[in-house]
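The two complexes that follow have chain A in common; it is paired with chain B in the first and with chain C in the second.
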Partner chain A sequence: MSAALLDYYQTLAANVPNEHAYQAVGKQRLGLVELPNRKQEAWRYTPLAPVLEHQFAAASREEGLLEPADIASLRVTPADHVCVVLLNGFFMPELSTLPAQAGLEVLDLAQAIQTSAVGIERLGSLSGECLHLFGAVNAALTSAGAYIRVTDKLAQPVEIMHINYSFDGEVLSNPRVLVQVEANASLTLLEQHAAFADVLGMHNGVTEIFLGEGAALNHPRLQNDSLRTRHLSSLYIQQAASSVYKGTTLALGSAWSRTEFHLDFSGGHAHCELNGFYLAGEQQMQAMHLDVLHSVPDCSSRESFKGILYGQGKAVFDGNILVKKDAQQTDARLSNDNLVLSREAEIDTKPRLEIYADDVQCSHGTTVGQIDPEMLFYLRARGIPKSAAMGMICQGFAAELIAHCDYPALETKALSILQERLMPVAAAL
Partner chain B sequence: MDAAEQQLAELAKAGYEAGFVSNIESETVPPGLDESVIRYISARKNEPEFMLEWRLEAYQKWLAMEEPDWAHLKYTKIDYQSISYFSAPKSAADAPKSLDEVDPELLRVYEKLGIPLEEQKMLAGVAVDAVFDSVSVATTFRKQLAEAGVIFCSISEAMREHPELIKKYLGTVVPQTDNFFAALNAAVFTDGTFVYIPENTRCPMELSTYFRINERNTGQFERTLIIADKGSYVSYLEGCTAPQRDENQLHAAVVELIALEDAYIKYSTVQNWYPGDENGKGGIYNFVTKRGVCAGDRSRISWTQVETGSSITWKYPSCVLKGDDSIGEFYSVAVTRGAQQADTGTKMFHIGKNTTSTIVSKGISADRGQNAYRGLVRMNKGAENGRNHTQCDSLLIGDKCGAHTFPYIEVANPTAKVEHEATTSKIGEDQLFYCRQRGLSEEDAVSMIVNGFCKEVFNELPMEFAVEARKLLAISLEGAVG
Partner chain C sequence: MEHLLSIKDLHASINGKEILKGFSLDMKAGEVHAIMGPNGSGKSTLSKVLAGREEYEVTSGTVIYKGENLLEMSPEERAHQGIFMAFQYPVELPGVNNTYFMQASLNAIRKARGEPELNSLNFMKLVRTKLKALEMDENLLKRSVNTGFSGGEMKRNEILQMTLLEPTLSILDETDSGLDIDALKMVSKGVNSLRSPERSMLVITHYQRLLDYIQPDYVHVLSGGRIIRSGDKSLALELEEKGYGWLQQEAAA
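Right, the complex of A and B next:
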């Protein structure tokens, strides 16, 4: 299987012209990378068969598949707000809402490359090493995606919607999104991954985010792909001095899902907050992979992840905070809490700290447990049936994290999906 | 590899023919490892046939294995063919004639630890005619132990006198192929300790390698096997606080513990091997595999370790909690300074129901020391109501050191409860200031703070060991701040 898959992707890549330098890097890496395997620390607990035993066809642009009305039903922002729609990775202007707004530039990535939009040279500079096969595949196969640049403090949020839905069946989408929030600008970027039908494709997205000095980005992400999809999101974030990044990822969908965060600070007094919630039920696999690098002094980071597991769900949490030698006065806190509801579920968690500076404060905490019988008793003593009580406890556990989205419409949507998924589970317990 | 090279040069000078030196005074096999070396070791030890087979099997498997490289350690590759795998105790001719010839630095440390002169001589390897009065001490001990039915002897002796126990238990906890270093040990181990505590017996005293004088230089490949039969209790102390010189650079020991129903084994280690010079040159490489199995219901194994020596430490004392209601514990203080590197931690495998494990790890890094905690907590499917609590704290002293935590948690049972906490920080300026303001010297203040930091672990050590460990810690960190 292994060599054949590499050959397959290499052949696919050979037919794609290079629009931008990062694609050449991707192709080169494709010739060098090893297939992900469980001996590699970063893939230690992630089951790989679902993504390595399939040869997905590369997605192509499909017009007329969806109507703007289809998008309206998925949106969480008001209809007049900016909404970028990527169908199988391709920027769809006819489905998107793109009103002109001062301080905001939104383009099809391919177009941004052609017109040499400001800052386009940054493309691929964070994901440059293409850490693994899929990173290389993303770079090598397409220049599809979106380009977003913000130069002002934006009051209205921008929504970006990834939809995986194709006539061709099992396709592999490789979107790339470049987000640049320039000095002192700010933005709320709502990201949704939605399914239109029970598709069985693979999403392999790369997002690069640059925050200028004093910039701020709130970035809630709701991943609600079809329960048969494979989903891999790699986020690369670089923060200049005094910038603030707040990312909240809610991973609810997909059969196999892995979200990678690679965050680095380039200037002091920057702060980042990474939050994540994952729901792994039925036969789902949810993996969260964190790589937070403190390479400069005086930065702080908070990483807080929670998960609920039921059925035969499996979850992997692999969080790593690396504090380099000169990163004095670093303050980093990492926590991971898991609620396991069924006998067959499994959680593997690995919160790591690697510290080479002495004047730092770092901590991590992990818990794995089931529903506290005392909590259950408390609710039942007040006349709440067992299944409803269980549901309440799970909702409460998740709600704390979901609230970090700071966008009520998205929070409500996430909570209702959660409730829908958990109700039958709680009833069966 | 200096020592080995030197040895090789000496051997070459001696115009030495192929084959083995069978001279009783200085028996050393030439460097290198092949089947004949293993046969020689086994023959020298008068081992039963099954042991030789077992060793050869391990050797064959070792040949096919690769040296692990996942640990957070940097060291020059070990050349396994340049090591001599059998050397009897140093002959009196090589040893320093008196304490005047011993490294004054070493003596200063002995002084600080308050070690009596005679013992200092022994530790420094000074040739002494008679091993002062510990002979008589040991004899009394042996008598007392024999009365209780406890078997406490060298593992070679046990192979000859209790082959049935060896056959039944050796390699059951750490199999030959467990890992690269364990396989090497299985093939070439030269000696070690064997302890058997019979049913419902409380071992009348704390057992210590220190008093097992029948074979003093157990060498670099040590193997320890402790079996606590139903309802028994034993506390075993390994190592000693005084720094020990050793000409062998590579140490690859294996320790196996077996606790049957209701048995309790308490294993305490103080490791203070030579850490090498400022750049770690000449320091000991300590690659140890330690594992205990709580085979019976309600059994308990407790590991306590104070690691201050060695230039490289690779050590994960683990517990396999097979019996229902069994308990595993791991308490550790690891200090790295100079160019020392430690990658140490534990593994707790929860297999039985209602099993509990506790991990408390305190890492202290100073100068350029690199200290990593690496731990695994695994709750198997059948580990109903398994409980684990892990606490690992790191203290950093100086801006060139590193402290790392790599915990792995795998849970496959929903009734299991696992908690992990870790913190890393430096010595609080305010704490230091508070102590200094009350007239304590900086050194005393640091020692006090560090001892407070490690208190949870020291509390687990047997009393006199704990006192020594405290002093040791203070000496280890002397001059680290300032």
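Right, the complex of A and C next:
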């Protein structure tokens, strides 16, 4: 099977013309790469059958499938704000809202490549050459996605809406998003992966984010794909001196979901905050994979991840922080807390600090627990029925993390999805 | 007059260890009873058994509240029936907004009684009046329940809930512990504002101090899991002076 799947993706890639240089890197890599397997450290705890036992067809641009009204109900930003719609990975101008705004450039990635937009040569420079199978597939196939460049402090947020929806069977979407926040500019970039219909497809997205000196990006992400979708998001972030990145990923949907964060600092006094929440219930698998590299001195990072597991849900937290020899005065804190509501649920958590500098402050901590009986009794003693009390405890556990989004409309949406999912679970406990 | 609460020969244990060993008490509506006793006498066990903590096993005896078997009710049913326990150690609920929690509590109780639920606006009006009476900071409403609260803030928050829920039977479990004198006065003020011919209170305390502010009709001394002496409030003063030793010796004799 393995050889057949590799052949399949190689053939897919070979039939796609090269629009930019990085596609060749992807194609070459496809000829060398192994299938992901559990002997590889990065995939050790991630079940792979859901993504390796399907031959997903490459998505194509489908116009007229959705209407602007379909998007309106999914948005969390006001209707007149910039909203980029990527349907099966393709930039859809007729579904997007693209008002001109000083200090902001938003383009279809394909157009940015054709017109050699500023910084387009950065494409692929963070994701690099050592790609795994799906990274290589994305690199080889992709000239679609979005290009965002910010040169000012923007007050209005920008929203990106990913929708995977097709009648053409099991489709693989391969968007690539390039975000450049230039020196001293700032932006709130909201991303949603919305469940438009109950489809089986695979999302294989790559986002590369460059923060210039003194730049700031708040980046809340809500992954609420349909419960049959396979979802892989790889984020690559590079921070110049004194920049601030704050990313909050809420992974609620998908049958199989993996989010990879690859972050590196190129200048001192930069700060990054990576927050994540995952909900793994029923037959879901949620994986969070962190690769935070402190290669220069005087940077700080906070990584806080929380999850709720129920039913036969499974979650993987694989958090790595590497502090290199020269990265003195690094301040890094990693935590992972899990609330497990059933016997059948499984969490594999592996926080790891690898430190080669001698003057640093680093810590990590992990908890795996059940609903605290003291909390439950306190709520019940106040007249709140047991199932509602359990729901409140779970919501509270998640709400602390979700509040990091700093965008109330998105937080409310996430909490209401959570409540809808957890209410029947709490009632059955 | 029928008793509001009647406890007869109650035996209760936790982890196989018997703590209450034949506890009996009758309370009528409108009465305030104080339970005093040294550490380990069973004070906290009594309050937890009455509130319905499942870890405590009642091995024999009866508890009749408003003519019904209290021991068969779940903790939430007890709250619906008008029982409120102010916790000795209120529990932190990270991420659960204090106002949301109190509204959910009040509405759960109103719903169980067939009364209309309060909307957020009306609830806010109500909670603000109560808050003012207790001279509490409105910021406590915006925070997570008890999370990062000082000891005094937690206890005031308990009394705030009590004044909101207007219980028929309030159980104050060492509410005075860890309070400075100002907080103690404020807490007592809240408790006293609820005193009425319909409401009863069971004030559990280690020290006489609280009883200067909340004057009980009866004082009972708990030792070794049962009441060894009952009297009026002068008993509390006697205990303050002499300690518990003389009563325990008498009881043993």
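Note that the second predicted complex is superposed on the first by the 428 of 429 C-alpha atoms of A that agree within 3 Å, B and C clash if a C-alpha of one lies under 4 Å from a C-alpha of the other, contacts with A are read in each partner's own complex, and residues count from 1 in each chain.
The rule is short, and it goes like this: a residue touches a chain if its C-beta (ideal position, glycine included) is under 8 Å from a C-beta of that chain, and two chains touch if they have at least 3 such contacts.
Computed from a predicted model, the values in this text were never measured in an experiment.
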Chain C versus chain B on the shared chain A, clash or fit after superposition: fit
Included angle at chain A between vectors to chain C and chain B, based on C-alpha centres and rounded to the nearest 10 degrees: 80
Partner chain(s) touched by A:359 [first = chain B, second = chain C, both, neither]: first
Chain B versus chain C as contact partner of A:397, first or second or both or neither: second
Touching partner for A:338 - first (chain B), second (chain C), both, neither: first
Dominant contact partner of chain A by residue count, chain C or chain B: B
Partner chain in contact with A:8 - chain B first, chain C second, else both or neither: neither
Contacts of A:381 with chain B and chain C, given as first, second, both or neither: second
Overlay on shared chain A, then closest C-alpha pair between chain B and chain C (Å): 15
Touching residues (chain side chain A, partner chain B) in the complex: 41, 45, 325, 328, 338, 340-343, 345-370
Of chain A, residues touching chain C in the complex: 372-375, 377-386, 388-389, 392-393, 395-400, 403
Residues on chain C engaged by chain A in the complex (per definition of touch): 51-55, 74-76, 78-80, 84-85, 87, 90-91, 93-96, 101, 104-106, 108-109, 112, 144, 161, 165
Of chain B, residues touching chain A in the complex: 70, 72, 379, 381, 394, 396-426
